[in-house]
Each structure stands twice: as structure tokens, then as C-alpha cells.
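In what follows, a single structure is set out as C-alpha cells and then discussed.
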Amino acid sequence: MDQQSKPGLIVAPLTPFTADLAVDEPALRRQIDYVIGDCGTTMVVAAGVETQEYTYLGLEQRKALIRATVEAVGGRVPVMVGISHPSFRTAVELAHDAERLGAAAVQLLAPLRPFAGPPTQSDLIAYFEAIGRETRLPITLYLNPGPGADVSIADTIALAKLPCVQLIKESSRDLARVSRLIVEIDRTGHARYFTTMQMLLASLELGGSGATMPPPGCEIARHVIDAFVAKDYERAAEVQLQFALFPSKWMHRGLAPTMKAAMNLIGVPVGDPYPPYAPLTREESAALAAFLRTTVLAHRFERTAAA
Amino acid sequence: MDQQSKPGLIVAPLTPFTADLAVDEPALRRQIDYVIGDCGTTMVVAAGVETQEYTYLGLEQRKALIRATVEAVGGRVPVMVGISHPSFRTAVELAHDAERLGAAAVQLLAPLRPFAGPPTQSDLIAYFEAIGRETRLPITLYLNPGPGADVSIADTIALAKLPCVQLIKESSRDLARVSRLIVEIDRTGHARYFTTMQMLLASLELGGSGATMPPPGCEIARHVIDAFVAKDYERAAEVQLQFALFPSKWMHRGLAPTMKAAMNLIGVPVGDPYPPYAPLTREESAALAAFLRTTVLAHRFERTAAA
Amino acid sequence: MDQQSKPGLIVAPLTPFTADLAVDEPALRRQIDYVIGDCGTTMVVAAGVETQEYTYLGLEQRKALIRATVEAVGGRVPVMVGISHPSFRTAVELAHDAERLGAAAVQLLAPLRPFAGPPTQSDLIAYFEAIGRETRLPITLYLNPGPGADVSIADTIALAKLPCVQLIKESSRDLARVSRLIVEIDRTGHARYFTTMQMLLASLELGGSGATMPPPGCEIARHVIDAFVAKDYERAAEVQLQFALFPSKWMHRGLAPTMKAAMNLIGVPVGDPYPPYAPLTREESAALAAFLRTTVLAHRFERTAAA
Amino acid sequence: MDQQSKPGLIVAPLTPFTADLAVDEPALRRQIDYVIGDCGTTMVVAAGVETQEYTYLGLEQRKALIRATVEAVGGRVPVMVGISHPSFRTAVELAHDAERLGAAAVQLLAPLRPFAGPPTQSDLIAYFEAIGRETRLPITLYLNPGPGADVSIADTIALAKLPCVQLIKESSRDLARVSRLIVEIDRTGHARYFTTMQMLLASLELGGSGATMPPPGCEIARHVIDAFVAKDYERAAEVQLQFALFPSKWMHRGLAPTMKAAMNLIGVPVGDPYPPYAPLTREESAALAAFLRTTVLAHRFERTAAA
């Protein structure tokens, strides 16, 4: 990943499903064209975060989704493959698949201890070292308490110092935590630190490496990053503000349903969430459309209306 | 499960692994003989709870573990098969396998919402109803916040009222919660309520249906239940007290390592925990042995010493 | 407190207020006659727990409440005076007042660290030792996470070993925690362990010292304790069951409003909660009355109806 | 407070204690000269946040601290007086004192419900409205879960809409929460939103009103604010970065001990934390000094060394 210059914009495409709950590959391809062609994505994640709804899939379906993602990207940008799985052996199998597919990295959730109690630092280090021995690809440490462990500041720093861990994907919105970790991990060269939509500009200012997110957040993020790189900090802050209400106001539905609704609204349809989760109601969707028309995504609506 | 009279003792055998991390089937069979023959288990769980370390296994390994468990039980008591899996379709596939294997029930974790935020009551009901439509086996609602969702009292009652949910396995040690749910769910006939080691006697007194646990806790539990049924309540309380320190004092290692150590000490060896989790140290194991010699398991040590 | 034989029933009277929010002393006296005369209370708490709504009072009002409580008890049973206060010096002042009033003990909440972060074990020990040096009265360690610190098992044991700490009032309903602490603290003689309504019978069976609670829970508790002492364990369990729904089903209103409503219903009126908290609605109160008529409190309704 | 132009820098002086735990008024005055004269503080808080260690004080001591603070400020900037107290009547009494002292505002913690369960929105609104009726001073809503309630986004917005609430002091470092609230509360004109050290620059960029903090954080914050106002955003970000490690790396000791150590190091001595909390060890203090020499506070060390 050395060739990746800061700041990075890592995008996790949403997973479109057909009526019979297979992956809708044409819709996936159109979406990937959007995130690479229109959003300046610097890396694509294949089946790496929960918002990609990959956890619903059986193993073969998940592998097919990874393959389809790599093919759709077609070498335009590097791909990072999610290998998180409760089974250690399956995680390694997914890493080997990723190597064969030409992936640039793998992403691995800091795991819960399967029986009661949080994992210790030595549990966590043993786990990442064991995976690191099995693959030559760099590992992205994925921090997402809930699905994964709630890793302390000290334990995160210890993991970041492992040679196999070269990137961190942090889901926390705790700016005190993230400020400290960017300074102790990214600025010291242990690993590159990536955060989320709401944290993007603050992370860039602190010296963080960027953010990862689903579309269409990435189109907003592209404007933030371009303004920041151009040193137009007022513009950067003005666009960052668009993440204050979106997706927060619709999060009672969950992130995947909200982002899918937004994509459908801007003319890059990706269908409904995997059942039993519900799409936004008509009213919620209308309110979302009204909000998105006030953002840098407004031009998508004109295009849609004109079509 | 109508033929099951109260109180029930549902046992989740630990999973013994060989040096190359395959399931050690002979050790599994010996353990199952112990839990049925010596502990009066009324139902065996196959790959249903995290302490069984099934989450580490790939899907085919997991299915093999389920099959091996059913075969080792050999019809002596009913078997309940764990079908919890992030993939809805895999859960259904496991339920169909369970039917073919002659299982009496399936056990299903109340799932986390894969994207941010807790599941709503309608999310949870939709999920259990959808699984219920796919299998004719009764479903055990498995409540274990962390790996699964933290389900409120109101949502637990709503799920218990579903016709497909006939049994509940509750991991909480919150006696205020459990008291209320036993009264509102078990005593009203919506579902049978099973708790844990530390909650066993309190649950029986409230009218709960019993408890589920790994060995060798189940041998202690058998003494509690027999004394309770014989109305020897002082004896029941005296034995229940053995769960005050065991396994609590060794839980920094986790439940699976502690129970495996206890089984190894009483002469029913089940090996070490799946890596990267560590077994008890020599000192911890010695302290555990000293404690177990003060419990109803003491006779196992004499037998072991004599052998 | 040596003369106190197990099991103890420590009662915290509710605080009745007049229309202008002064303490209604006649109502307090009638209530204390009820808890001592009718409920067999073994110790009364003066302004010790939050349900007594003492935290709303200014310091002089609080001292007046303590004095009024001691006078109303009139030496019939020992009194334990709550001295919890953010100011160390005020806590000591309250302890000295308690000595002058002839109190048998003081009750002290394990304090939050006033600035960010939980207190360390040495913070907690330093705090209790410092108070212990200032008073000759035994101290009850009061554990109630939220208003106070969330004290770990190890830290609770360390505090229980202090000579000045002779009693513990535990608010947790976690039976795994409480089982272990009763064994490691009460059965070993470090301190007497008291729990709550929902935990009463389970605590007695484990060898705990009893429970503390507001009225009219204490009348139900008296029946549990008497049956337990008489070795009528079936009756004890049958009455304990009355705490499964009461007060749980009305707790969205809070404990003080629920218990005040119950007292008003059984004919020992104590008024409404201190504003801005609301009393139960008419419908909630009717449902509570219907429930209480199914408990050992039913005879109070006949008496009230007859009057 | 209308005359206050954005961005604001609200400072909460630390409370220096003499050997016998009285407030050290000369040290307080020197500190207030520092925060007003050297840091460009726009408002001073008297006994408003826990880091000011006011919760240890008895009521008369607390009133004396408030008076001493107002006198030391001497009208140079407005003063906001903390009135948070478990007793409603004492809070009102403190508000009336604040009026007499010429305070510009009062600060009031969103209170915990004293008995179990979180306060409802109507509890919270009733509470702030009741206080608002008793004072003509504008109220600052102080949000600090732990000592106070954990107020949801919806409840915070509802409180901000009360006419008596004109300012909000938010302790959360959750940038997703704060982003949304600044947009929904401050940019819409309901109330001015103030955050914390680590959140300062991000808050200013979103349109927030500033931050509140203890010294010497406020000297760093002054540089951030001045650079931001001068549109020197690179400088603003560079200085903001100094809050990434300070105070985070010393927070195991707590905020008051860390900030007191920092003040002692830069030559504005404020003594040790109130017992039983411990000051930084010699090693911790040396590490803190080494770090502070790399910040905008470095010039203080030269001055100190020269003296």
C-alpha cells in the first residue's frame, strides 16, 4: 500500500440483492463504477464491513461477492478483502483467496472472546499474529465494538505495532480516543489510521490517513478531501457539515437501509436491505431526498429528473 | 418437548479438539456418556452455545460436530441443535439438517442488527417468524447479549408468545429480570424458561423450568435438582452454594477454559481450549482442583487417584 | 450490631412531604410504626438511600429528617444513618451527628470519582479509612452504581476487609456477583451482606444476612424471612414470588413513586413523590392495587375497605 | 449573553486548597489573573464542573468559593455560577445568590433520577422549567453522563428549545452526536453549544460556539481560536493537535490532578488534588513537563527557569 498517498478514501460498496436474495451483480458493477469514476475512491473494500450485509451470506455466496467485487473494480484501484469470520480457519481460507484474486490487503475485525469476558491484550496479539503468519497480505485492524471487541487505547497501540498490521479502520466517533490514536499510531508510522464520515475532516487535520465509508457518503467525502488538499479549509468544513444530519437522522433504520435509500434516490439503485430489516418508509425517504438536495449530491437529482 | 417434565437439565458438552484442531470424537463420546449416564441430563445441546467453541469451526466441521453429538447421544435423551449463524439461509440449512438427524428442537441466538443500532421488536419478531416458517422443530430463543442482542423484558415477552418459540435459554444473571420473565413467560405457559448455573435454585423456586450449562457443572446441578424435587431444600441450597465460587473465580480465563480444566481434573479429559485462548496455568488448575474436592465432585478425584 | 441475629430486615422509610415540600413528620411516624410494629423490621435507615428522596433536601432539612426518624423509632430497633455526601467534611459532620443521636451505624455510598474515570481500589480504601478514622460507628458500605461507583468484586472484597466496614448494602441484582460476594465476605466473617427485595430468598439460602428495602416491600419480606426461619421453604418461595412483578412492572415511574403508591393503597399514606417526578397515573395505580390484592398485603385492603 | 461574540472560551478555574483544605484565595486570584489576562477567557465558571472539586465542599464553603471567584474576576469578564445540587431548593438558593453577585448565567447539570431508571424527557423539562421560573438568569444546560444523566439527542434538543436554556456545555467526545446537535441547536439559534478541549476545532468548524475547560488547557485553546478567527486553519489544526495527548495520557489520575500538575509546572501553582485523590507521581509529572515543553505552553517554562 506504499503507493497510496494520503489522504485515502476507502469505500465499502453496498450489496444489492435480487428478489430471491442473490447478489445483483449488474447493480454492484454500476455502483462500483460510480464510487471509482465519480467519487475518486482510492481503495474498495470487498465484504469487509457489516453495512455491506455480507454476514447474511453463506460462505460460498460471500466468496462470490468478493470475486464479483474484484472483477468489477477491474484493477482500477486496489481492493481490500474482508476476512473476518468466527472460524480462524475460514478467515485464513478467505485470506488465501484474497491473495489469489490479487487483493492489496485484508481486513479483520478484532474479535470478541467467544465465551464470557473481553479478550486480553495477549489474546488479541496472538490472534493477529496467527493470521499474519498465514498470509503475505498486510492486515487492516478493524475496530467495531459490538460485532467485535471493544479494544482499549493501550491494546490498539500494541496491535498497531505488529508488522502485519498496516492499516486501522476505526468505527468510534470518540474524538478524544481517535485524536490520541492518530498521534500515537499514524504520525509515528506504526499504521495508517482511517475513521468514518463524521470524523473525516477532524481526522485529516490531526494527520490521520482518511476514512472508509459506504456510498454515497464517499461522494461528499471526496469534496471534503479535495478542498482539504487544496487548502480550502472553509470549503472543507462547509461540506463536512453535511455529515452532521446525514446519516444520523435516519439511523433508527440502521446504516445499510439509510445508505441504500440514498443511493436509490440519487439514481444509482441498489435495492432494499436484506430481510428482515425494513427499508425507509415513503415519508422517511422523502425527508432524506429533501435533505440530500441541499448537499453536494444535489446535482444527481437534476440528472435523475432530467432523465 | 411435551414429554419433558420439569425441572430440566440441558447440557452443552464441551468440544474436545485433537492436536491438529479436529473434533476429538472419542473424547466427545466419553464426555456425553458422562453427562447422560452420570449427570441425569434431560437434553443435550449440539453446537449451540459459544462455550462449545463451535464458532471457530467452518460450516462442514460444525455440521460434523452436530452429527457426532447426535450419534453419541444415540437417542438416550433428546438433542437440541444450535442453528445460530449470521446467514439466515445457513441457519435454515442447519435447521433442516437438524430435522433429518431427528433433533427435538433448534436453538437460535437473538441476533445483533448487523449494522449500527439495536434490533427493534419488529426486527426480532420478523426474524424468528421467518425461521419458524422454515422448520417444523420448536425454537429455543437464546438470549446472550454480546454475541447476540440485548433483548428488553418487553421484547422477550413478545418473542416468547410466538408459537414457534417454546423454550428460552437466558444467560443473564439479573435476578430481577429473570424473576419477572419466569412469571410472565413460564408460569403463563408461553415458553419454558431455562437459566444458568448460578441461577438454578432461584429459578426452580420461582417456577422456572431448569438450567442449561456445560459439564461438569451439570453434575453439581443434578444434586441441586434432585434435592429440590425431593423437597430437601436445605440440601439444595447447600449444593447450590458450590456455584458461588465455581466457575466465577477462574472466569478471567473464560468459561470454556475453566470448564475444560475442571473436566480434565475429574477424569473426563476434553483437552485444551481452541487457540489462541490459553488453558489455566498450573497454579490456577491446582487451586481449581482444591476447590472441586470440596464439592459433590470430590468422589471423582478419589476414583481418579485410585485408578 | 453484634446482637443482631440473622436474618436481618433493614427498612428505609419513604419520606412523606407536605404540600409545601417540608417533611410530613406525622406521616413519617405512622409509617415507622408500621414498619416496626407490623413488619418486624430489625433496623431502620435514616436518609440513607435515594428512594428516601433525601437528596432533594438541603443539609438542615436532611438533618431534621434524620432526627425525626430517630425520634420516631424511639429506640425500638437500631437506626443506621446515611452520611453519603459529595463533601467529605459534611459526611463526617453527619457521622458525628449520628453518634450524638445514638445511631448504631452509618451508611456510606462508594463514591464516584468526581472527575472523569472510575475510582481505583486505593482511592476507595483511602476514602473509607478516612471516614472510619473520624467516627467510632461501624460503616455500612453502600454499593449502588449510578449515584455511586461501580465497584468490582475484587474491590468490594478489599473494602469488606477494612475493620470499619461491618455491613454491606448491595443494590445489584446480579446473582453471580452476589453469590460470590456472600461466600467471600459474609460467610468468611468480613462483613454482613444485605441485598434487595428480588434477591432476598436467594441471599438467605446462600448465607447472606438479609435485605434492605422500603415499605411496603418489607411486609412481604417479613413473610419470606419467617417462612425461611421456620424451614417452610415452599412458603418462602411462594411469597418471594410476589417480588417478581412488584415493583418491576411499575419501575418506569421509578422506585420511590411506585412504593409511595403502594403505601397509599394499603392505608399507610405517604403522599406523592417530590417534584418534578410524577406519581403513578390512576390506571397504573389501579393495576398496582389489583396486583397487591393477590399478595400477603391483601389483608390491608380489607382493613381499608372496612374502615 | 448577547454581547458575547463567537467563538467563546469559557474557563473553569481549578480550586486551590490550603494544607487544611480551605480554599486558597490568593492562589485562586493569581490563577484567575492568568486565565483572563493571559488566555483571553471570555467567561469564567464559578464552581460549575466537577474538575473544580467543588463537590467536596460544604454549602457554605461552596458559596464562599463562588464569591471569591466573582470578586477575583472583578467584572473583567462575565461569570457563570454553577448551581447543580441534588436539592432543588439549594439549586434555587444558589441561583438567587448568583443574581445578587451579578452573575451573567447559571450552569445546571441535567440530573440523574435519584431512584432507579433514567429521567424521561418530561422529567427533564419539568426540572429545567421549574428552575427557570425561579431565576431571571439564563441557564446553561450541563451534560455530563455519570455525575448527571445521559441525555439523548432528542431530549437535548427539547431542552435547548426552552427559552430559559441559552447555552449548552457538552462533555461528550462523540463527534457524531455533537455534529448533529451543533447543527440542530446552535445553527438554528436555540442555544449556543460549547464543547471540550479535544473537540474545540471540530466544533468551531461546524459552527459551534466554543468550548469550556480548565487551565492551562485554555491557553492552548486561545491559540486555536485566534488562528481559527484569523483563518489560519493550518495553525489552528497544528495547535489543536496538542490536545491529542494532553490530558489523555495522564487521565488514569483524573482530570483535576492532571490539570493541577500542569499548572504547577507552568508556574501558576494551584496545589494538590483534594484527598483522597493522589497527585501525579514524580515520574508522571516529569513526563508531563517534557510534553508541555513541546506545546504553546513552552514559553512558561523558560520564564519559570529564568525566574
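Details
We call the chains A, B, C and D, going by the order they appear; numbering starts again at 1 in every chain.
Here is the rule we go by: contacts are C-beta pairs under 8 Å (C-beta built on N, C-alpha and C of every residue); 3 or more make two chains touch, one makes a residue touch a chain.
Nothing here was measured: the structure is a model prediction, and the numbers come from that model.
Common neighbours of chain A and chain D: there are none. It takes 180 degrees of rotation, in steps of 5, to superpose the Cα atoms of chain A onto those of chain C. Chain B and chain D have CA centres that are 50 Å apart. Between the Cα centres of chain B and chain C there is a gap of 36 Å.
Multi-chain contact residues of chain A (touching two or more other chains): none found. If you check each pair of chains against the touch rule, the ones that pass are A-B, A-D, B-C, C-D.
Looking at the complex, you find that chain A touches chain D at residues 153, 173-177, 179-180, 182-184, 198-199, 201-202, 205-207, 231, 233-234, 237, 240-241, 243-245, 248-249. Note for the complex: chain B touches chain A at residues 21, 50-51, 53, 55-59, 61, 86-90, 93, 112-117, 122-123, 126-127, 130, 146-147, 251-252, 254-257, 274-278.
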